[in-house]
Structure formats: C-alpha cells, structure tokens
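The following blocks contain the structures, represented as structure tokens.
Next come two complexes, and both contain subunit A; in the first it sits with subunit B, in the second with subunit C.
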Partner chain A sequence: MTPSIVLLLAVVGYPVLLGFKLSLYDWQLATIGQERYVGLANYIELIDNERLWGSIEFTLFYALAAVCIEIVLGTALALLLNQPIRGMRFFNTLLLAPIALSPVAVGVTWKFFLNADYGTMTFLLQEFGIADYQTWLVQKSAAPWVLIGIDAWWSLPFVTVILLAGLKSLPPEPFEAAQIDGARSWQSFFYITLPLLRPVYLVVLVIRVMDALRVHELVFVLTQGGPGRSTSSLSFLIWQTGFKLREMGNATAIGMAFLVFIVLLTAVLTKLLDRQISEVRN
Partner chain B sequence: MSAARFKKMLALALAYLVIVAFCVVEMLPIYWVVITSFKTNLEIFGGHPLMPPFSKATLDNYAYVFKETGTSGVAVASYLKNSLIVTTCTIAITMVVGTLAAYGLARFRMRGRSLMAMLFLVVRMVPAMAVGIPVYHMVRSLELLNTHFALILVYSAFLTPFVIWMMRGFLMDIPAELEDSARIDGCNRLQAFWHVTVPMAAPGLMATATFTFLGAWNEYIFASLLTSTPDAQTTTVLIAGQISFDQVYWGRIAAIATVLIVPAVVFIRFMQRYLIQGLTMGAVKE
Partner chain C sequence: MSRTSTNRRTFLKKTAAATAALTLTPTLGFPNLHLKPYAGRSLTIYQQASPIFEGAFELFQPYFEDLTGAKISFVSIPVADMGQQIALSLTADKGEMDLTWYYAVYPLVLQGLVQPIDDFIKDPNLTPPKWDFADYLPGALESGRVDGRLYNLSVTANALAFYYRTDKIADAGFVDEQGRAVPPVTWDDVQRYGQALDARRDKPLLLMYSPNGTQCTQIWLSLWLSQDYTYIWDQNGKCIVNNADGLVVTRLLKDLLKWASPTNVTWDFPEAHAAFQQGRGAMLPQWNNLGGIYNDPANSLAAGKLSMAPWPRIKVSASDAGHWYSLIAANSPDKELAWVLVREYNSYAWQKKFFLNSAVNFNPSRKSVYDDPEVKAACPWIHAIRDSNNNGRGQQRRTLEWEAVQLVLQEELGPYVTDETNDAQQVLDRIAARVDEITRASGRFKG
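Entry: the complex of A and B
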C-alpha cells in the first residue's frame, strides 16, 4: 500500500495543493520566482471572463450532445449485434480498433478527412452529387457538431461493446415469461431490458461524460477553439490562457475551479455508482 | 415461405446491413491513414482517396520520417524511442506498485478501503489539463522538465489507481486457501504470493498491463506540457506539432500516425477477453 500512497500524494496530491496556492498569485512563465500575491483576484476576474462562460457553455453542450448520441445509437447497435448473426466475432474484433486510438491520432486523421479541398469527405460528397465541397470546420454553427460527430465516431464502439456485454449477461427467463404473456418486443425492451441494464448504462454514462468534459486534443488539433471561440473547451481554454496568453495565475484558477467541479460531480456519481456496481457484482 | 419467416429474414438482412455499414464507417478513416502513408503526393492530391496505391506504393514517407533531422527528416525513431521508454517504465512501476497495493486490499482487512475506492475514481476522472499547470510548475522547480523521468513519474501516479482497482478484482477471485496451503508447505507470505498467486493472476496482469500501455502510449496533454525537445518528446507530441505543415505533407504525417496507431491496435487484441472489465474499471464483467 505505502509506495502507491506516497506516489499519489507526491504526484497528484501535492500539485493540487500547489495549484490552489498558485491560483492566488499573479504570475507568468517568465517571472517564476517573482509571483505576486493577489488573493482571490484571479477567481473574481473569472466571474466576468466572457471567454470562460463561453467555454463552459460549449463544454457542457459538447458532452451532453455527444453522450446522448452515443447512448442512443450505441443501444440500437448493441441490440442489433445481440442477434444470432454469423461473423459476429469478426465485427466485434473490428470495432476494437477505434478504442485503441490516441486522441491526437483521431484528431489528425479527421483533420485530413475533412479538408475542404482534398479531404475524403469532400470527395465523397462530390461522388454522391450532394455538394461540391464542405467547409464545416470553419463555420461557427457547424464546427461544434463536427467535433461532436468525431467524438461519437470514436466512442460509439466503446459504448456499443459495453452495452452488448450487458445485454449478453441478462437472464433469459424474464423475456421468455414476457413472450408467453404476449408482450411485443418493444415492450420487453422498455419494461425488462432497460431497467435491468440500468447499472451498465450508469457506468457508461459516467465514464463518457467525464471523458467528454475534458476534451482537449480534438479541439487543439482540429479547430484551435475556433472559428471565433465556438469550440473552445475548458481544457483548451486553460492551455490557451496559460501558455498562449501567458496569464498563468488566471489559468490555474480556471483549472482549480474545473477540478473542484469534477471532484464534486465524481462524489455524487460515486454514490450512485457504488450502489449500482454492487448490484452488478451480485 | 411463410410471411413470418420472410419477415424474420428481412430483419436479419437489415441487421447485417446496418452492422456492416457501421463497421465501414468506423474503419474508413483508419484505413485511409494507412493507405495514404504509402502514397506519393501526386497520388494523394490527384488520385482516388480511398483506393490503395497498388503498384505506385512508396516507402518514401517512411524513409523521410525516419531520417535524422539534420538531413531534413523528423527523426521519428527518437520520438518512438521516448514513447517506448516512458511506456515501458510506466508499466513496470504501476504493475509492481499497483499489484502489491491491490494484494493488500484484497487480502487484508484494512481501514480506508472505501476511501481508496473514492480516491481511485477521483484520480481517474481528474482532467489532465485542470492540474496540468501545477504539475508543470512542480516538475520545473525540480528541474525535471524535458526528461523521461518526469513523464514516467506523472503517468505512474495517474495510472496506479487504475491498476490497483483492476488487480484487486482479479486477486479477489483467487481463493486465499491456495496461499494458505503453500504456507503450510513452508513458503513465506511473499513466496506464496510469488509462486501461487501471481501465476494464477497472469491473464489479469496481462490485461491490466495492456490498459496501462494504452494509457501511457496515447497520452498527449502531460507530454506536451512537460517535454520540449526530441530528447524526451513522445510520438503524440510530434504528430500534433506536425499539423501546421498539413497543407503539404499528408503522406509523412500519415506515416507517423500509422507507426503510432499500429502497436496500440495490435496490443488491444491481447486483452480482448478482459476488455469490458478494463474499460468499465471492473464495474461490468463479461
């Protein structure tokens, strides 16, 4: 036990404390060692920091939209894959590949794919006679949806694979009983499958929401927060404020506020999750 | 053919269609990156984007990215070496430290077990960027910026809770009686752990190590903050840095992406059996 606790305290615990301290100072990379104590000024500045509120809005919207799409489509795909279809193992294996991808690799791939002039997306649109080209990444209204779409593309296999495992673990008896009683398939889905899978859904939900809330690489590689500030996620804003605008004190304050929010959210969800996990295990 | 049977066949055909379409959509971008890495610029910008290059296939992109920087290459080999060093050391540290801790949690009644669970979840959920600046500050004051050691330390700390959680589950499935009988036969506790429990937990160890591999190999945020030169930068940072040249050298970047992606995709096969358990932190078992 001891080595792991020492490691966690030194490399996770200490920086968190340091972060709270640094968020009370006015400092920049160039002036490390001459930090100026400013009390809560960094936090007070956050309140009318429009960039921050824009980022919060985008980040919440992104996480909500992406996770909703993934859960709905993932459910549909898991139900399809749960049928007695030949070659299912092969499909299952194929779907593992996106799970192993680095977020940076995903971002770079899609950046090329969506290139307005030579990208495969433009090529496909022309091929099917839908449009001559697309400039989705530079349109304020479209860019957030492009990122959400890529998130869905990347995470849908993950969601599907887990929901499928959940479906496979369900006992057959309630479904047989329902069939004998004359229930239609949509009825057994809504009244038997969904309630039984509640814990699995909760686990998927928690993991996906948390991972979507911290999105950085996709934004960094694909849009740099633009066009305008339409896709500036919280993680990206922290990076930009600290390392581009060189306002380290401010950036640290945003980071700490973000951290507190995530820890509170985790605490609430752990309570829910703990109960559900013990249900799955038993 | 009866109407009911026909309906069933139709449903099955539809299911096939949707599943195949889904797999095509998921695989298409990955396939595209791999074939593009073997194409010349003429093929990339003039040819069919989804056709393999066939006889015009070239290794020029790979030759270029593996060339040293002095001769106008990007020396991807040194970035790969950094990724490999950092990943290997991270796996070694997290597996030893994490498995021992998990063993303690699984075998001994200890105070703060639920606290440990909570801690684990929090560390898993903390956004890297939220603590990125203080971590950077700490590493800088220790004068460890741009070293393998800093990345190994940070990755180990953030991945150890995951290893503890996974291994605790696997170790609890191994009956303690086996160790007890080994100890009656004259082993001490460590010997019993090493000769009895570890071999039985081997598949779980493999799966957990693979997840740790993915976590370290694919990591970008800490690597981008804590390293700045090819001496310590990892492959993910190299790729992100190359995108400013994306108007011209797609093939080269595709080649770097391919060498980053392939090991990860190959590795994930090793843990297929434990995939669900690993992905859900042990919450859902297959």
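Entry: the complex of A and C
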C-alpha cells in the first residue's frame, strides 16, 4: 500500500501542488525565473474572463452531447451485436477499428474527409445531389456538431464494447420470466435490461465524461478553437493561454479550476455508481 | 677536430634534419591539413520543419563546416511548437539551442533572452570591413532593431505581395501597349479584374480566409496598412480600427470574396498555396518568398506564366512584413561562433545563392543582391520583392501584446467573413474595445 501511495504522491500529488503554487504567480513563458507572487489575482481574473466562460459552455455542451449520442448508439449497437447472427465477428472487428487510432490521426483524417474542395464528404454530397460542398468546420453553428459527431464515431466502439460485456453478463432468468409472462421485447428492454445495466452505464458515463471534458486534439487539429471561439474547449484554452499568449500563471489557474471541477464531478458520479452497485447487489 | 666533437656535430645535424622532417612531412604530405579556427566546436539551430529551411541548411552546412571546422546540427520543429521550444531553451541555464530562425521574436528580445549583435559587427576580428553592413535594405535592418540595439539579420525578408497569372490577365484584356499583362495597382483594380475574369467563368482570386487560421487576419491587416497606418492604435495606445478607414477595409475584405471560390472561406495558407500551384486562379495575395516555388515546373503548373506586383494600394502600397529572424541565444555557450554563422549566410554570395536556389528562395536583405544581373535575369519580378520588403510594415509585431491582439482579430473577423454577422461596424467596435483592454492591461494605453 505504502509504495502505491508514494508513487501516487510523486506522480500526481507533487505536480498538482506545484501547479497550484505556480497559479499564484504572474508568470510569463519568456521570463522563467522572474515570476511575481500575485496571490489569488489569477483566479479573480477568471471571473471576468469571457474566453473562459465560452470554453466552459462549449466543453460542457460537447461532453453532454457526445456522451448522450454515444450511449444511445452504443446501446443499439450492443443489442445488435448481442444477437447470434452469422458474420457478427467480422462486424465486431470492423466496429472496433477506430479505437486503435490516435486522436490526432482521427482529426487529420476527418479534416481531409471534410475538406470542402477535395474531401470525400464533398464527393458524396455531390454524388447524391445534396449539395456542391460543405463548410461546416467554419460555421459557428455547425462546427461544434462536427466535432461531437467525430468524437462519437471514435468513442462509440469503446462504449459498445463495455455495454456488450454488460449485456453478456446479465442473468437470463429475469428475461425468461418476462417472456413467460408475455412481456414484449421493448418492455423487457426498458424494465429489465436498462435497470440491470445501470451500473455499467454509470461506469461508461464516468469514463466518457472525463474523456470528453478533456477534449483537445480534435479541436487543435480541426478548428483551432474557431470559428470565433465556438469550439474552444477548456483544454485548448489552457494551451492557448499558456503557450500562445505566454501567460503561464493564468493558464495554470484555469487548469487548477478545471481540476477541481473534474474531481467534484468524479466524486458525484462515483457516489452514484456505488449506490447503484449496492442496489443491484441487494 | 676531435672525433667526439665530430660525432656530436653529426648527431646534432641528424637530429635537426629528423625534427624538420617530422614537422614538415604532415604539411607537405597532406597539404590540406590545417587547423580550422573553430574545430571541435558545435552549434545547434532550431528551425521550423519545412523543406525550405531544411533545404537551406543542407546547402549551407558543408560550406560552413569546411570553413570553420565546427559542426552544426539542425532541429526541425513543427511551427505550432516552435514558440514554446525556443522559450524553454532560452530560459534554461544550459539551453540546447544556439541560434534559431523564427518570426515572433520581440517578447524574447524584450526579456533579454536574445544576444545583441552590434558588438560582433564592430569587432574587426569577427566582422571584416568588406562585409559592408551599409548594403542592407533599411526596412530589413529596422526590423531587427529594438531600443537602439540590433538583434537580428534576417535569414529571409518577407512581406505580402501580389502574384498574378500573366496569361489569364492578358487574355482578359488587361495589357499594355506591348501586349504584356498589367497587374492591378489598387484594390479597386483588383475588384475590376475580378469581375472581368469571373465573367469568363474563371474564379480568379485565391485568398487565405479560414476563420480557423491566422492568414485571414494578415490579409485584413495588410489592407489596413495600405490605408497608410503602421499600427492599429494611435500614439496613446487607443485602438482606432473602428474609424471610417477600418470600415472600408473590413467591407473590402468581404467584397473580395465575390471573386473567389465559394469554398474560399475554408481556405488557409495550404489551400491557397496549392490552388495556385495547380494552375487555378489568376491572382494570389501571398508572401513574397514563394515565387521560386510557383515558378518551378517541377512544383507548379503556373510556372512560366506568372509574375509578382507589390501589394495593391488603397492609399499606399504597404503590407504586413514577416521576417524570419536570425536570433542568437543569450545563453549560448558559443555566441561568437553563432555570429560567424549568421555573418556567413548574410554575405552577398550566400544571399544570392539562397535566392537563386528554387527550393530555398530566401529573399535577400542586401540591396546589391537585388541589383545583381544574374538575380535580375532569374527573377523578372525582383523589383516587386524589393519594394514589398522595403515597404513592409511589421512594426506592430514588436509589441508584447501582439499575439493577444492577433487572436482578437481572428476571433472577431472570422464570423464576419463567414456571414455569421454582417455588421462590420459592430465587429470593429468589439475589436477596438477588446484591444483597448489588452493595451490598457499592458500599460500602453495612456487614455
């Protein structure tokens, strides 16, 4: 136990404490060694930081929308893959392919796919007579949904695999009893499957929400936070503030505030999960 | 004479002869063996990962290593990472980097992280008089001076200029008495040319506009500068872009899209660059160091059919200038050797060689290179390069706030360009308010 705690303190605890200390300084990237202690001034500045509130809004919206889509589609796919259909192993393999890709590779590939002049999407739109081209990545209303869609495409295999494992682990008796009682398949799903899968959903929710809140690579590769600030996530804002605007003190303060938020959210979700697991056991 | 003294004399003669032979043999037997002045020393250059800069290094490395005996190595860094990598090296006790070719330099200079080069230039042991410092374009030198001290001699001087297809312009009827294509001189001309060429179903204008990139703001900025401004703020630090001139410039930015491809709003530098190389379009506002690439048949379908003009004017011809500076690290253990490197590639011979190499095509900073007959013969638009470099106004980049200001321009102009908003005055008022906040925080705003 002690070695694990020591390792955790070294790898997590020390950087967090150092980060908090740095957030109390006015620290420009080009003046390392000349930091000036300013106390909580960096945190107070966050209240009026328009960019920060915009990023919080986008990040929360992104996480909520992406995870909802993934859970709904993941459930549908998991139910489908749980059927004893011929060739399902092949589809399983195909489905899992995006998991192997790095987020930057995903972003670059989709950037080419969505290119308004020579992208495959443009070709498909023209082939089916829908439009001559699309400029979604530079439209304020569309760009966030494009990122959400790409995230859903990329994370869906992971969600599906977890839900599929959950489905396979469900006891058959409740379903047999329901069948005997004449329950329809949708009734079995809503009244038996979903409640029994609640802990699994919570696990998926915790993992995916944490991931989605930290979105950076897709934003960096596809939109650079634009158009305007419509796709600026919190992680991207931290990078931009620290490395583009060179305000490391401010960037660290945003990072610390983000960390506190993530920890609180994780605590709430974990408590919910524990309660669900106890209920299921009882 | 006794036998002993004879033997001694003989011994001494033989010893002297043997010593002379041992001393001279290496030199006579190996006439190229001589001590290089900086043998055993080394330099590391940080540079953007780009075939242009890598090509320049490959060209220059053998010459410099042979001249000095020193070894030079080149670290290629993606441009998005360069700023932080350079800053980390410069602020370390022992940074890896001795020299960098970079553009966003003034925050580093202002923090004392870059070595001034005045003393190297004045030292006759390090800079021979024939090196002719007075040969530099005044604009190029000015870009490297901060608070009276010189920090830079650019490895390449750049400003925005105006490339055009001579064949398409001539076909549209814009020719002189000799039948040669006449480029647009004003932005009204650009619109007129755009209309004429568009009527021929040839979307003529290739622009870099993506609101997700920074090139759009450089076009806007260069239009603003051509209203005869040097800064977007007045002498009290107050942002003035929301005046009548700013309104003209911002509306022009959108009007120009009428003559561009409908997908142009998604285009950043790579798309506009590739389109011209593919032979599309007739007019391309672009950095003036790319002529060699556009005119190389191996790289471009526009080769042999293009020319360059200075930036069209509204009131004056003046565009954004972006030099690639040679910066010697203040924490380099071998600043003298780094200066020798900068001195050598800033010589007449090397500036000419870099310019004439189509893969490198660095713009010279020396006036004499622009007048060289071989250079003039190789580049019919050399006057446009010289004029755009001399008229370029990059002063605004010499402020600590510039990165933050550029971000504001990008965030506010992007939605206007993509029709999320059509109220140019409101966009400019927002820009002015946000820039004033930045300059107020920096202490520049006296109002």
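Please note the rule applied: the second predicted complex is superposed on the first by the 263 of 282 C-alpha atoms of A that agree within 3 Å, B and C clash if a C-alpha of one lies under 4 Å from a C-alpha of the other, contacts with A are read in each partner's own complex, and residues count from 1 in each chain.
Just so we're on the same page, a contact is a pair of C-beta atoms (placed from the backbone, for glycine too) under 8 Å apart; a residue touches a chain by one contact, two chains touch by 3 or more.
Just so it is clear, the structure is predicted and the values come from calculations on it, not from any experiment.
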- Task: Pick one for A:I180: touches subunit B only (first), subunit C only (second), both, or neither.
- Result: neither
- Message: On the A-aligned overlay, A:I99 touches which partner chain: subunit B = first, subunit C = second, or both, or neither?
- Response: first
- Which superposed partner A:G226 touches (first subunit B, second subunit C, both, neither): second
- Determine, for the superposed model, which of the two partners subunit B and subunit C contacts more residues of subunit A. B
- Query: Is A:T135 contacted by the first partner subunit B, the second partner subunit C, both or neither?
  - Reply: second
- Message: By the touch definition at the top of the document, which applies to A:R246: first (subunit B), second (subunit C), both, or neither?
- Response: second
- Message: One more residue to check, A:I47. First (subunit B), second (subunit C), both or neither?
- Response: neither
- Message: If we overlay the two complexes on their shared chain A, which of subunit B and subunit C does A:S235 touch? Say first, second, both or neither.
- Response: first
- Message: I'd like to know which partner A:A116 touches here: subunit B for first, subunit C for second, both or neither.
- Response: second
- State which residues of subunit A lie in both footprints, the one left by subunit B and the one left by subunit C. 32, 115, 243
- Query: Contact residues on subunit B for subunit A in the complex?
  - Reply: 12, 15-16, 18-19, 22-23, 25-30, 32-33, 36, 44-45, 48-50, 97-98, 100-101, 104-105, 110, 117-119, 121-135, 137-138, 140-141, 153-154, 156-158, 160-161, 164, 214, 217-221, 225, 236, 239-240, 243, 246, 250, 253-254, 257, 260-261, 264-265, 267-269, 272, 275-276, 279-281, 283-286
- Item | Residue ranges of subunit A in contact with subunit C within the complex | 28-34, 115-117, 132-133, 135, 137-140, 222-229, 240, 243-246
- In the complex of these two chains, what residues of subunit A are touching subunit B? 1, 3-5, 7-8, 10-12, 14-16, 18-19, 22, 32, 77, 80-81, 83, 85, 91, 93-105, 107-113, 115, 118-120, 123, 153, 156-158, 161-162, 165-166, 168-169, 199-200, 203-204, 207, 210, 213-214, 216-217, 220-221, 234-236, 238-239, 242-243, 248, 251-252, 255-256, 258-259, 262-263, 265-267, 270, 273-274, 276-277, 280-281
- subunit C residues within the subunit A interface of the complex: 83-84, 87, 90-91, 107-108, 111, 113, 210-213, 261-263, 265-266, 271, 403-404, 407, 410-412, 414-415, 418, 420
